[in-house]
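Lettered A, B, C, D, E and F in written order, each chain numbered from 1.
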Amino acid sequence: MAPVVWLRSAVSVLGRFPALAGVTLDASPGEIVLVQGPNGAGKSTLLRACAGLVPVVRGEAIVLGIDLVADRLPVRREVAYVGHASGLYDEMTVADNVTFWSRAAGLSRDISAASVMASMAIAARLADVPVGKLSAGQKRRVSLALAMSRGSMLWLLDEPHAGLDADGRDLFDAAVRHAARELGVCVMLASHELERAESLADRTITLVGGTVHAAPAAENAPAPQVGAVEPQVTHVG
Amino acid sequence: MWGDAALVAAKDLRLELRSRVVTNQIAPVAVVVLMLFGFGLDADVGVLQKVTPGLYWVTVLLMALLAIGRSVDAEATAGARDMLRLSGLDPAAIFLGKAAALVAQLLVLEAMLLMGVSLFFHATIKGYVLVFVAGLLGTVGLASIGTLYGALTGGTDSKQTLLPLLFLPAVAPVLLGAVRAFEGAFGTNPHPDDGWPWVRLLGVVAIVYTAVGTLAYGPLLEGSDPA
Amino acid sequence: MNSPVPEKFAGTSASRSTQVLGAVAIVGLALVTFLGLAATGEDQDQKNYYRIMYVHVPSAWLAYTCFGICALASAMYLYKKTQWWDLVAGASAEIGVLFTGLALATGMLWGKVTWGAYWRWDARLTFTALMFVMFLGYVTMRRMPAPFEVRAKRAAITGLIGVVNVPIVHFSVNWWRTLHQQATVLRPDTDVKIDGLMLFTLLLSFAVFHVLYVWLMIHRFRLGYLEDQVESHGLERAIAERQAEARGPVPVGAGQGSGQ
Amino acid sequence: MKHAGFIYGSYALTFGAVVVYAVRIKARARKLAKDLAPKDQRWM
Amino acid sequence: MWGDAALVAAKDLRLELRSRVVTNQIAPVAVVVLMLFGFGLDADVGVLQKVTPGLYWVTVLLMALLAIGRSVDAEATAGARDMLRLSGLDPAAIFLGKAAALVAQLLVLEAMLLMGVSLFFHATIKGYVLVFVAGLLGTVGLASIGTLYGALTGGTDSKQTLLPLLFLPAVAPVLLGAVRAFEGAFGTNPHPDDGWPWVRLLGVVAIVYTAVGTLAYGPLLEGSDPA
Amino acid sequence: MAPVVWLRSAVSVLGRFPALAGVTLDASPGEIVLVQGPNGAGKSTLLRACAGLVPVVRGEAIVLGIDLVADRLPVRREVAYVGHASGLYDEMTVADNVTFWSRAAGLSRDISAASVMASMAIAARLADVPVGKLSAGQKRRVSLALAMSRGSMLWLLDEPHAGLDADGRDLFDAAVRHAARELGVCVMLASHELERAESLADRTITLVGGTVHAAPAAENAPAPQVGAVEPQVTHVG
């Protein structure tokens, strides 16, 4: 199967700093890939680049069949991304937030806020509490539940375990496994909780200084099909 | 797209309904500002009446700035911008929705302010239709410029650019046109023209900026947080 | 601290004293209305409009009293830190807002008939309006949810700052010579200028308004106390509920805290 | 009387506002007191 | 304590230097407001000159509102407030430092505005010393009242907007005194007194509110985060 | 030794919600106490209450010899607290932030920003980067380094491991052990990474629904000395 994420010497720059300094990477449908590495290695930037939030300025990047170098905007609505910050509206209640973001994502009106909340076992009493009042873990659960409800084929999760309690972790891991195994979703997660994350992942990639340090398998898939893109090799650094 | 715009507008209005900042807090402020103007210029009633349209629109501008601040703050955190970008909402829809919510809030404020002005400044409205049309168009112009301006200033890095200076030439014609139109409507205009010609200016600005916003909001939302 | 409420008054904020005060206030107001609208004669240049004075002036003065007491109670709160003083300050300020509003409204009616306009840019008018807005802010602030001590301390400081407006309003006519009536009764030189019955009516009205104030204060204070009580009972209940939640089935993964 | 409306109006407004306010705080007190035991209803 | 105050002031100014909100966002708004009045009243220079002091201070007030909002925003996130509370900084020092930074920023704005006014409104300054002293004292008053109320209303769910509701009434005497003093300095005062008596009022307000703020800032900072 | 943290049926309320519903707890100098429990259990609130950031409205609480019920403000400058959010000024550089907060805490001018940064091995190149640009883990390191530099005898750390990489964790754990063993610092940490945290902690407390669910040792220390406080038992609920 064609890789969902296909990067060849991808470079991304934050300010003037090349947070990704030439990353080559394949991830296939149904695969759970753990991205690990020291602080500041570029893990978050890698996930954000795949989500189309950060431009890839050198190299090649094709995600979900979309060429990010040519136009990264279309990929955004296709991925499910959870970053370090929640981005929910603090002043709006949990239910209102869930409803708004589900509608915005074009989810069917049949999917109720309650059912989204239930997917991460968020207590019903919290539905009417403003998100700003939630505990860290409760907020995290809302973000994860929203992301997982999008029906995306690529999940990009930045330290998803952070803040979750034991139950939450089990629930989350089960959801990820189910998505990968049953639905063929490709999951990339960055994490520092190596034991937990490695037991969940099929494969681990170590990022150091913006480049892949050690990947167990050589990345050798051919470029996936894209609209009208000639694979041009522009290796940098 | 219209559905998305309605969704966003409803969301912004819901945030307002929850906090009631505009109705309960910005509104009284508007009244107080008017009073300060009135008292600051009390020297003679003639001057006061002459500057009433100007004071009215400056007050509206201040209210608009506060309301825009609120509207921008809602999406100010890095996380919220990401969510919005990933949401799948058409940027044009986001722009239209946010501007519409702003128009709704400002219109309520302006109606209140108009009552205040006629009570405290003894302004007598001669042309109701003119006031209504000029008010509406001016508000649409302000709201769309404000929403654009918000996108420019919302991201962290753009604070260091001179982009916000664009606000200046954009908002000046709106306020000017609106003031002139109101001078016509209040009968305080020394010139014989009755204000309607200015409405055309307001209309043009409203249309142009709504169009510009609809097209440019995407790139702005995009470019406003380079990190 | 809590003594039993007589059976008769249970479930209300009334008591023997408020009944008496209420009766006195009603009789007094009836008397003021009679004297003010019928018994007193016409003023030379004001004709009958001056009759508004009997409600306008006492309202304004009572507002001063209210904010004065609010400030006093605020200072006492900062000194004693007791709920009683906080409640007194809050009750007094709220009543003060009511009467400032009335002074404004009646003044505007009076202005319409004498000056021909509801509003003029006069120092006293402006500062009265600002005082009104300020204490409106005070009352709003008290309603924002916050722990008791936090809210009370903030309110006390705001009340103390707000009272500065009272002398400003009072002396504004001297500082900025303008339209509004200069002091007629409370003049520095005590040479009272108005007719005897008029003066009596005005002073009576002043007294009656203050009786009314005491009556309102008692009720508003008791309401404030009830609000605090309900809140603290709600808290006890919420604590009990949360403890029950804790005693319930131990969530998986959370219960096996063992330590060494 | 000329402008009688304004004069009577000011009296009516004053007394009316006080009555409305009084009724409202008394009603609210009644409502809140319902949930409390009599001993908890009064400061003194 | 003075050291702490200097530390806080330096920090606030550094934040402004990095973000340039005052220079890039607030200053243009001030220019718009002045232009608006200028155009609105250009028909008659006499009126314009008569109301110049009033317009000047009303504009300063608007900018002060925006700048105070900014100063409050710096500590607006829950985390930043916690850090400040735990820092061991004397609240009085925080107050003085924040107020001083605000004074510095406002003085720069006012100087620019003064040039604008004399250029566009043909205002001729007759008493430079008076303008300087009245401007300084008025600004100190504005800044201390603003910082005080910023703490009072910051951190609540409705941060920027309860602020003006409480701030504007308190600020009225400052505005009044400053306008009268400037009328004296610009020679537009119809009354013969030359404006100096008003400086005394400004001085009293500045001192009173600085003192109140120094004493009350602690409890206010304390109370401002009800959650 | 008198306990550093001494709570008896302490209740704290957020909005109208009793996030702490009667917590009884002792922690002694030199002790490392892990607070665990499900999301929303009140762990963060407990730490914040001990830091004097949240009022204790019922029960008793004496921390570092300061009675929090009477006046919680003095305790604030005595503790080292790191919460979920960093609270650093995003627009100021790392060095400026570190300098400002160290000076504010009254640290000697001899202690340079560089030496504070070194304690959590923060790369020198980051000194001039605005804090808002840092990666999650880098930001966490700055917060921890600042807290640990305060010379406090009570460290209150809310999920300190979150965001830290493997090196950072080792560094942090070593610093905590050193502080507790050598300097007699009392450390309370909330965490969901039970394995790591339990190996660091001397004792684990489980918080559920705002109350201590299972504490291995009965809390029976007498009230520590305080200015003028009579230990009055005001159990609630």
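Everything below uses one rule, namely that contacts are C-beta pairs under 8 Å (C-beta built on N, C-alpha and C of every residue); 3 or more make two chains touch, one makes a residue touch a chain.
Given the structure is predicted, the values throughout are model-derived calculations rather than measurements.
Peer 1: What rotation angle takes the CA atoms of chain B onto those of chain E? Round to the nearest 5 degrees.
Peer 2: Angle of rotation between the two copies: 175 degrees.
Peer 1: Counting C-beta pairs in contact, which comes out ahead: E-F or B-C?
Peer 2: Of the two interfaces, B-C and E-F, more C-beta pairs touch across E-F.
Peer 1: Round to the nearest whole Å and give the separation of the Cα centres of chain C and chain F.
Peer 2: That pair's centroid distance is 45 Å.
Peer 1: Between chain B and chain E, what is the separation of their C-alpha centroids in Å?
Peer 2: Taking the mean C-alpha position of each chain, the two centres sit 24 Å apart.
Peer 1: Calculate how many whole Å lie between the centre of chain A and the centre of chain F, each centre taken as the average of the chain's C-alpha atoms.
Peer 2: 31
Peer 1: Roughly how far is chain D from chain F, going centre to centre by Cα mean, in whole Å?
Peer 2: For chain D versus chain F, the centre distance works out to 51 Å.
Peer 1: Which chain E residues touch at least two other chains?
Peer 2: Residues 18-19, 157, 162, 165, 168-169, 172, 222, 226-227 of chain E each touch two or more of the other chains.
Peer 1: In chain F, which residues are in touch with two or more of the other chains?
Peer 2: 14-15, 17, 37-38, 41, 84, 91, 133 - these are the residues of chain F that touch more than one other chain.
Peer 1: Which residues of chain F touch chain E in their complex?
Peer 2: Against chain E, the touching part of chain F is residues 14-15, 48, 51-53, 73, 76-77, 79, 81, 83-89, 91-92, 96, 100-101, 103-106, 130.
Peer 1: Touching chain F in the complex: which residues of chain A?
Peer 2: Chain A residues touching chain F: 14-15, 17, 37-41, 44, 84, 123, 126, 133-138, 140-141, 158-159, 161-169, 192-195.
Peer 1: Would you mind writing out the residues of chain C in touch with chain B in their complex?
Peer 2: On the chain C side, the touching residues are 117-119, 121-123, 126, 129-130, 133, 136, 140.
Peer 1: Quick check: in the complex, which residue numbers of chain E touch chain B?
Peer 2: 18-21, 24-25, 28-29, 31-33, 35-37, 39-41, 43-44, 47, 50-51, 54, 57-58, 61-62, 65-66, 69, 157-158, 160-162, 164-165, 168-169, 172, 175-176, 179, 190
Peer 1: Spell out the residues on chain B that touch chain A in their complex, using ranges where they run on.
Peer 2: It comes out as residues 4, 7-8, 11, 14-15, 18-19, 74, 77-89, 218, 222, 226-227.
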